[in-house]
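After this come two complexes, each holding chain A, first together with chain B and then together with chain C.
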Partner chain A sequence: MKTLATHRRHPAAVIVAILVGLLVTGGLYTVVNSATQARSAEQDATQILNGKKLFLEGCSSCHGIAAQGTQNGPTLIGVGSAAVHFQVSTGRMPLANPGAQAPQKPREYSETDIAAMAAYVASLAPGPAIPTAADLDYSDADVAEGGELFRANCSQCHQAAGRGGALSNGKYAPNLMEATPQEIYEAMLTGPQNMPVFGDSTLPREDKQAIIAYVETLRASDDPGGWALGRFGPVTEGLFMWIGALLLVVACAIWIGAKVR
Partner chain B sequence: MSDSKDLTPASSGAPATTSDTQQALRPGAWPRAEVEHHLRRTDTDPRAQKRAVRQVSTMFLLSALMVVLFIVAFIAIPRDAVITLPYIGAIGALNAAMGVTFGLAIFLIGAGAVHWAKKLMSDVEVVQERHEMKTDADDTAVAADIYEVGKETSGFAKYPVIRRTMLLAMALVPIPFIVSLRDLWLTPPGVTTPSEELLVTLWKPGMRLVTDITYQPVRADDIPVGGLVNVVPADLPLVEEEEHNLNARAKAAAIVVRMTPDEIQSQQGEGWDYEGILAFSKICTHVGCPISLYQQRTHELLCPCHQSTFNLADSANVVFGPAARRMPQLPITVDDEGYLVAVSDFKEPVGPSFWELKESYS
Partner chain C sequence: MSTSQISPVEQKGAGVATYLDERVGSNGFLRRNLNKVFPDHWSFMLGEVALYSFIVVLLSGVYLTLFFKPSMVEVIYDGPYIPLKGVKMSEAYDSALNISFEVRGGLLMRQIHHWAALFFMTAIAVHMFRVFFTGAFRKPREMNWVVGVSLAMVALMAGFSGYSLPDDLLSGTGLRIAEGIVLSIPIIGTWASFLLFGGEFPGTDFISRLYGIHILLIPGILLALITVHLMMVWVQKHTQFPGPARTNNNVVGYPLMPIYMAKAGGFFFLVFGIIVIIAGLVQLNPIWIFGPYTPDQVSAGTQPDWYIGWLDGALRVMPNWEIQAFGYTLSLNILIPALVIPGIITTLLIAYPFIEAWASGDKREHHLLDRPRDAPTRTALGVMAITFYVLLWIGGGNDIIAVGFDLSINSVIWALRISLIVLPPIAFVITKRICLALQRRDREKLLHGRETGQIMRMPNGEFLEIHAPLNEEERAKIIAKPQVKPLPQPPETDSSGVRNPKLKKDKRRAKISQFLFGDTIAAPTGEEIAHADEHLAHEVIEDAPVMAEEEALQIAHDGSVLESPGTSGKS
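Right after this comes the complex of A and B.
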């Protein structure tokens, strides 16, 4: 202790201290980093293994032991992690009952489990991957062009205000106001159920971001004109007037005609 | 009146004293009907009467207050203010306030008037005689005289040549309106009938399919199985600029879908697909709604207007709904660079059916 105290004010002390500091930090970083990398590769393998386990428990009865598909469910080889994340995180899978369409419901798996299953399915064959944070960053997107693209590609099923609509034989296009940007992106990428695929080559990333920006604008905009009645347009508005307003008129007519005591 | 005897109702059930009573009444009042009449509470109880007066005047006052509130709201509420109401959600506060106040202002005037009539105005049932529907004989004779005098002084009967030429001229006057209906559709060069016009679209051999809105050519490899692309002909932007209208787009709009080749049961022509990629008109054959509600699992294309459903895997035949014929298919292939191109124009007219449809193709 005495030696340290005497050399404390030596001119080289500062340099020595900095060097020692740098060496320690750098050395520690290298050790920790390589450990992380090793762990990350190991983690991927465990994640896929976990995903496989979850798949065999929860999905294989319909999609087959090797995800090759059965009479009850399509093959998952090549659908990619985006499809798994979309279907499982929105609760559409696992399917509760066979029917015209798998409805959205509370999810049954945690985010970690979904990531594991997605990793397992992605490991079977290449397919559309879960969109990255950069894919989903629509802050620079052109909302006006998004509106045009939405009207050309999406509105015929999902309705001009994104509120969804009926298809044939009990199928329907869901309400986009209940979907997150990630779900919208994944749906365009993978074409869940009866929705067609809007691949990255015909609808590039910027276009998808523009569409998401437009849907978010729809979601955020309020109804300055008054009660929007679900924004379904003239059909609900007409129905409301015929039933609501006509009932009021009939009530007034009954009142006018009622006998006075 | 000279023939007042005719006007008297012949039935014995009519009140005998009607005309006597009528003469005893002031003008504007009507004789009482011979029906049972119940007195209202407001007729017998002065308190009830006062209450009714109060109620009616309160309604009128409230209506006036609503007008004042309307003006206050109009001045005080900012245009972009939003109010959240139960069941209704967030709506524009100014519109809501103006609608409620003005609606109530009108409604309360009506409600006050109705309440007044029901509670306070006389509710004695009266008889109001309706005058005879027939014009009386004197007036008829005068009208006939006027006609005869006019006929003689104008010479309408005397100069038949004037009468006939005038009738001819008046009969021909509406014809220009009928003839100009021919211009309801414009004739492009080389086209003489509407069916020819409807048979020809912008698509021609080698024309690239480009994405709608963004006008990017579509590579066959770019379309995944289950994919859908809304396409227009590559020339469309030029033509639209030239014509300043949307006719070319309305006729040429198409959709491209891809299925695995073994899913295709039949096509409108041999080899009109390219490796499972099929192109169809986007304009419904029923009444012309643009449709691209393609369900990739069932290959059904649904029209949202009247639920016509077409099976794209089976020549786009109608499987449901009011459409009477299939969606026209566009034969496609790829060019040297792998982009999708049309092999020819549609072989059937696109859009809603029309009179000359049968003779125009098939």
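Right after this comes the complex of A and C.
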């Protein structure tokens, strides 16, 4: 104790104390951190293993044992976890039967299973990852900017109100009013089915968020003019005219034109 | 009513009438016109719907002109609709948004204007169907038919020019297609397009040019044509359906004052009310969703309003044919559906009354309407045309149909291409068969009376159904059936053996005449009717008589018996 007492006012003491403090915290951090990493690596390995098992059971018949692709299905090497999550969580995969396009249907796997398969596919080669909560936070996005981007990039297939549209030979752009923000983000990232890829170099994160914000605004917005007839445009309006309004007018004409008795 | 019993109100009215009469001589005019008689039928009111919705279009349109700015100057939106805030747009679109979101009652007025326009077009169409199918276009009303078709065409332009004004993405895309159609006109196409748009599409002039056309030129032409249309109805008197005491030389109905004043006035408010209710409840053309027009953008599911839908459908269904020669391209894929087919349809529409008059050689005036069944070929032609039109209309919504019913758009297009050729003739044949069958039933009813549903059992076990004579009205309708005979085959030589120089032409005319009027069920002769009446009267008086076998067999022979020894063996 005496030594400490005598040396405590030594000019180097401060430096030594700082060094010791740094070493201790750094050392402790390293020890703790490596422990968690080891645990998460172990977890990842199990998840990937689970994912592989699910993949071999449910997907390999078309995508190949090593996800290398076959005549019936494309390779999944490098598609990333975002593609797996999009396709499986919307029920598009596994495909029930071949057709022009994989239709949306009730999903067949739990969120955990999907995460496992996504981890397995992501472990094969790097690819677009499932968007994080920060990616999907569009609260600060510019809705009007999103509208402009939507009209320039999306509405030619998905329709101005996002209600979907026809493509050639039975393919189609689905109704966005049924899609979640995560699905929209993943779709832009991976270009599923006939959709082009809007990677982060073409459409940076902020732009994707703006588009999602616009789609969500469309979904949430009321129709100030009344019943919107599905927002399909003049076809349903014309149909309403001929079937609804005209019959009403003709009924009135018959009423008024009836013989005075 | 003697003069001493006139009420004070009537006295006032008489005073005003006398004052006016002494200055403008109005009493004679009023007496003549207020006592004018109009026949009664609900289908005669369809044209009124068109007139009333046109009035609503005019009234709501005037309100919109107070706020709409027909300018293509670029502005930055700063209104209450957040999803467009800060977006660059034309002043026209900006003011249309302003009308929709800021002007008091603006959105309702916009929707009234647009719905009333749809009512106008629809009423014109059904009014035209009524006039066509009842043969109301025959002499002396051919000219009014031509005026009516012109009205329909101008109304179509009115609709399209209005649809294009707000300068949203939907209307701009419509204009782009119109520009493409202009460009496809051989030789002058490019020049015409530059002339229209004041340079390269979209330019900066077009909205203001269109505005003038939409609010001044077209309404002016429409008003003038409507005036002519109505004055001709007034002068030529309205047609009527056949009925008791209705002849080609009278009009049976009620006077304008007070019955029709009340009916027509009431009907105006009904139509107005229905338009306003629908405009208040059903959204139409939400321009804020479509966004401002820029030529590099287009939305899936872009459609024109229904009355242009058939043209869009023709464009969509047409195979992609182009001819390239001498460094020029002839775009048959646009030229045929957008200009040739509408040209043919309009020409046929205008020409139809003249074709029918020429083919029948009929120079008489017709004030009694045909029942559609009594002119089977005309009715069948009409249904055939409507089938063709509706198929094209469906073509205009092919993408919506493909998505909505989970079909391939290519299959929809091919199905329509085949249907457009196959279905109209089938519709023709079926309609004609139905008309002839209805005529046959009319003849049956006239000769053998109406089936009463009362079955009578004869002493010998035979069952008979009692037939009752038709009531006066039904009978008059059936008897009024026109007897139009097709022109006979032209003689090859005249009486002195000289060859007919126009033989080929006459033969062709006889052929068309045979096609239009050849197939009909012969109406019973007066003698047959008299005999049938006598017979029916007998049957009814006896009510449930014990019939002589001979008489029972006579009825059986007419085919109106459920079962009898006389017929069951034969059939």
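Definition applied: the second predicted complex is superposed on the first by the 209 of 261 C-alpha atoms of A that agree within 3 Å, B and C clash if a C-alpha of one lies under 4 Å from a C-alpha of the other, contacts with A are read in each partner's own complex, and residues count from 1 in each chain.
In this section, contacts are C-beta pairs under 8 Å (C-beta built on N, C-alpha and C of every residue); 3 or more make two chains touch, one makes a residue touch a chain.
Everything quoted here is computed from the prediction, not taken from an experiment.
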Room on chain A for both chain B and chain C (clash or fit): clash
Which of chain B and chain C A:Glu148 touches, first, second, both or neither: both
Which superposed partner A:Pro234 touches (first chain B, second chain C, both, neither): second
Chain B versus chain C as contact partner of A:Asp207, first or second or both or neither: first
Touched chain A residues, chain B compared with chain C: C
Partner chain(s) touched by A:Ala245 [first = chain B, second = chain C, both, neither]: second
First, second, both or neither for A:Ile256, with chain B first and chain C second: both
Contacts of A:Tyr172 with chain B and chain C, given as first, second, both or neither: second
Which superposed partner A:Val197 touches (first chain B, second chain C, both, neither): first
Common interface residues of chain A - those touching chain B in one complex and chain C in the other: 145, 148, 152, 156-157, 165, 167-169, 173, 223-228, 252, 256, 260
Contact footprint of chain B on chain A as seen in their complex: 145, 148-149, 152-153, 156-157, 165, 167-169, 171, 173, 191, 193-199, 201-203, 207, 222-228, 252, 255-256, 260-261
Chain A-facing residues of chain B, complex: 40-42, 80, 82, 88-92, 95-96, 99, 110, 114, 118-119, 123, 211-214, 216, 218-219, 221-230, 257, 290-298, 300, 302, 304, 307, 309, 320
Contacting residues of chain C [partner chain A, same complex]: 40-46, 48-49, 82-87, 100-101, 107, 111, 115, 118-119, 122-123, 126, 169-170, 254, 259, 263, 266-267, 270-271, 274, 278, 280-286, 289-291, 296-306, 309, 393, 396-400, 402-403, 407-411
Footprint of chain C on chain A - complex, ascending: 100, 143-148, 151-152, 155-161, 163-170, 172-173, 214, 217-218, 221, 223-229, 231-242, 244-246, 248-250, 252-254, 256-260
